[in-house]
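What follows is a set of structures to go through.
Look at the two complexes coming up: chain A is in both, with chain B in one and chain C in the other.
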Partner chain A sequence: MAIRSLKSGTFSRSGLVGNPVIMPGSYESIATVTVGAGGASSVSFTGIPSTYTHLQLRMFCQFNDTTAGLGGASLQFNSDTGTGYTRHELIGEGTAASSVGFGTGTYNGATVGRFYFTPSSSIFSPAVIDILDYTNTNKYTTVRALGGTDVNGSGGELRFSSSVWTNTAAVTSITIPASTYNFKQYSSIALYGVN
Partner chain B sequence: MPKTYTPISTVKIDNSSTTTLDFTSIPQTYTDLVLVCSYGLTAGDLYLRINNDTANYSDTELYGNGTAANSTRLSNRSGYYLSDQGITKPGPATVSTVHFNNYSNTTTYKNVLWRSDDVGVSTEAHIGLWRSTAAITSINCIIINVSGVITPGSQFTLYGIKAA
Partner chain C sequence: MALQLFKIETVDVASPVSSVTFSNIPQTYSDLKLVASVRSNRAAAEDGFGITVNSASSGYTYRVLSSNGTSASNASTSFEQIWVARVNGNTTTANAFAHVDVLFPNYTSSNAKTYSVDGATESNTVEGYITFSTVAQSSTSAITSLTVQTINGTVGTNSSFTLYGVL
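Entry: the complex of A and B
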């Protein structure tokens, strides 16, 4: 949606992951978690203010394991660990594109993509995740994510995904369990509010 | 809560002879960078480089052109195609949003995550790896493959995001 500044007359657009331009002054840092020594099995944000239109998570993470590979991570809202989440993902693995989709009853979280785990400390994986209209109690909460890993050869992948939390409650907390792996030290997840 | 997503610099192309542009002396005070580009080219492809490095790049791409979706991987490259599925157009016709997460750390390789939309042609998403632990201090865009210019009206803005 285009928004026109009354002061300058210029147009801006949404700064969410699927759109090109942010409006300076309408994007605020809420909280950041940086994983310390020993890693973390999950990261949580609680007491999220209800004063924004959307939320954005910006991730820079690595999983802890002794073999190279990719592992998934999810978002759980308001401590809901049930399977009321749906997800659809478009996947690029460097040689072909594919897509997967899951209705409720399969996963206990919204997808945020997959992160690298490796004995090397050099490669982390980024992701940008939008949680749209998170305070609206008249509809389900939707999530859009873009993230991936490149390793200069086979083994990396990119995922563009959407998820729905089939619950009309306003989102007040977010938990990000690290699947079967721990987030490695120096992984960071920052939560922002967007108006 | 602290406001962020701060414009660092904007480059507006207003002549018909621009083939390169650079963001230099990037402040190291933010957590992430976002480069938003709206541009057209008369010919060639727009390449993105970091710190003027001409090696150590790779990326994995996912794209759709209206008839099929596909994925490609480019390893050991000299830069990134900001949009490699598009065709040249006379006016700004490509929009790219490029994320550089944790760009100032000096212990990990750097990632570049971006989307490009070529109006009427394709939409793309890329994950790139720059195999260097150096902090990102400059971002460079250059036309390659054939001679061309960045068309007037194109605009490139670099933003900084600072986590609390």
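Entry: the complex of A and C
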């Protein structure tokens, strides 16, 4: 965790007496999962602390399949596998932009991006997902995601996505199933808390 | 040193207000980042979200890429001024709030200010407005205050705004 002197603005790694007064940063790592050999059908974060204002997920992933293409992952809160999630997306495929929208009843998770699936490739796809006010029980939980893939001249897709989980419960766990695929080895998903 | 965020101030709206202002913004960071969860009391599906820099009422231009759940479009304008994103109005699904994320790079420079804005309304319907905007504000003064507002209705209860400094 970065710590910063209120007096000088310089950074330090020690808060011991005699050192500058420190100010902790507002962005902290909670947990990181790196998929091992054999892959994983989903990744979960449980026991999420309620002490932050927002959460952020950073994904760098690839799916495993016998053919190549693009597939979507989803995000489920508190083990809710129902269809109480909406999706709205702005999509760029390299030629034209398009848009899709869905109310509840269609998807069983918030949308979080498009990832490459392939039997053999080193192309992993990034996605950054913000989950705002995740402990506020006056609000449905909103998810903002930006992610995409470029397959080095063989297609690709960028998606800016918004979803809402129509439930006011505080988020205590997150599950990210890999759709009908598996997350391939070396896929990485990191969860951060933002104060 | 890895990028780090430092919270400057959070405003949680306990009852409707016309706007929220961050003033006396410290000049010690590289960039500013604003994260907002917003719902307007406008009796409509959406409302505009506006940002006023240093109380300037003019000098804004922007380009926007947007979608509504059915189609995508883009536009540029110099006369909508401070309207930079769309947020939920109060006819949308109860308890649903829009999210808005704004980055003000190099906010202390003596050049014209540019910033990027992305936002999305959320509702339990096909209709949902997503916007990506880049805004230029012609003033060369360092940013010392920011005022955010919903354009046609008051800022609703439980909306929240957090301003971060980025190093």
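Basically, the second predicted complex is superposed on the first by the 170 of 195 C-alpha atoms of A that agree within 3 Å, B and C clash if a C-alpha of one lies under 4 Å from a C-alpha of the other, contacts with A are read in each partner's own complex, and residues count from 1 in each chain.
In the analysis below, a contact is a pair of C-beta atoms (placed from the backbone, for glycine too) under 8 Å apart; a residue touches a chain by one contact, two chains touch by 3 or more.
All values reported here derive from a predicted model rather than from experimental measurement.
Placing chain B and chain C on a common chain A by superposition gives a clash between them.
Once the two complexes are laid over each other on the shared chain, residue contacts for A:E157 go to chain B alone; chain C is not touched.
Applying the stated contact rule after C-alpha superposition, one finds that A:G25 touches each of chain B and chain C. In the superposed model, A:T86 makes contact with chain C only, not with chain B.
When the shared chain is aligned, no partner comes close enough to touch A:T175: not chain B, not chain C.
After overlaying the two complexes on the shared chain, residue contacts for A:N136 are found with chain C alone; chain B is out of touch.
More residues of chain A are touched by B (comparison of chain B with chain C).
By the touch criterion defined above, A:N64 lies against neither chain B nor chain C after alignment on the C-alpha atoms of chain A. Of the two partner chains, chain C is the only one touched by A:T104; chain B is not. Judged by the touch definition given at the top, the superposed model places A:S74 against neither chain B nor chain C. In the superposition on chain A, contact of A:H54 is made with chain C only, not with chain B.
Only one of the stretches 39-47, 93-101, 129-137 or 147-155 in chain C has C-alpha atoms clashing with chain B after the fit on chain A, and that stretch is 129-137.
Overlap of the chain B and chain C interfaces on chain A comprises residues 25-27, 90-91, 96-97, 99, 146, 160. Interface residues of chain B, counted against chain A in their complex, comprise 1-7, 31-32, 34, 36, 38, 58-64, 69-73, 75-76, 95-97, 99, 101-102, 107-109, 111, 113, 115, 125-129, 131, 133, 157, 159, 161-164. Note for the complex: chain A touches chain C at residues 2, 4, 9, 11, 23, 25-27, 53-54, 86, 88-91, 96-104, 130, 132-133, 136, 138-140, 142, 144, 146, 160, 162-164, 166, 168, 194-195. Within the complex formed with chain B, the chain A residues making contact are 15, 17-22, 24-32, 49, 58-60, 90-97, 99, 121-128, 146-154, 156-158, 160, 186, 188, 190, 192-193.
Chain C contributes residues 1-2, 4-7, 10, 28, 35, 37, 65-74, 93, 95-99, 101, 118, 120-128, 130, 132, 158, 160, 162, 164, 167 to its touches with chain A in the complex.
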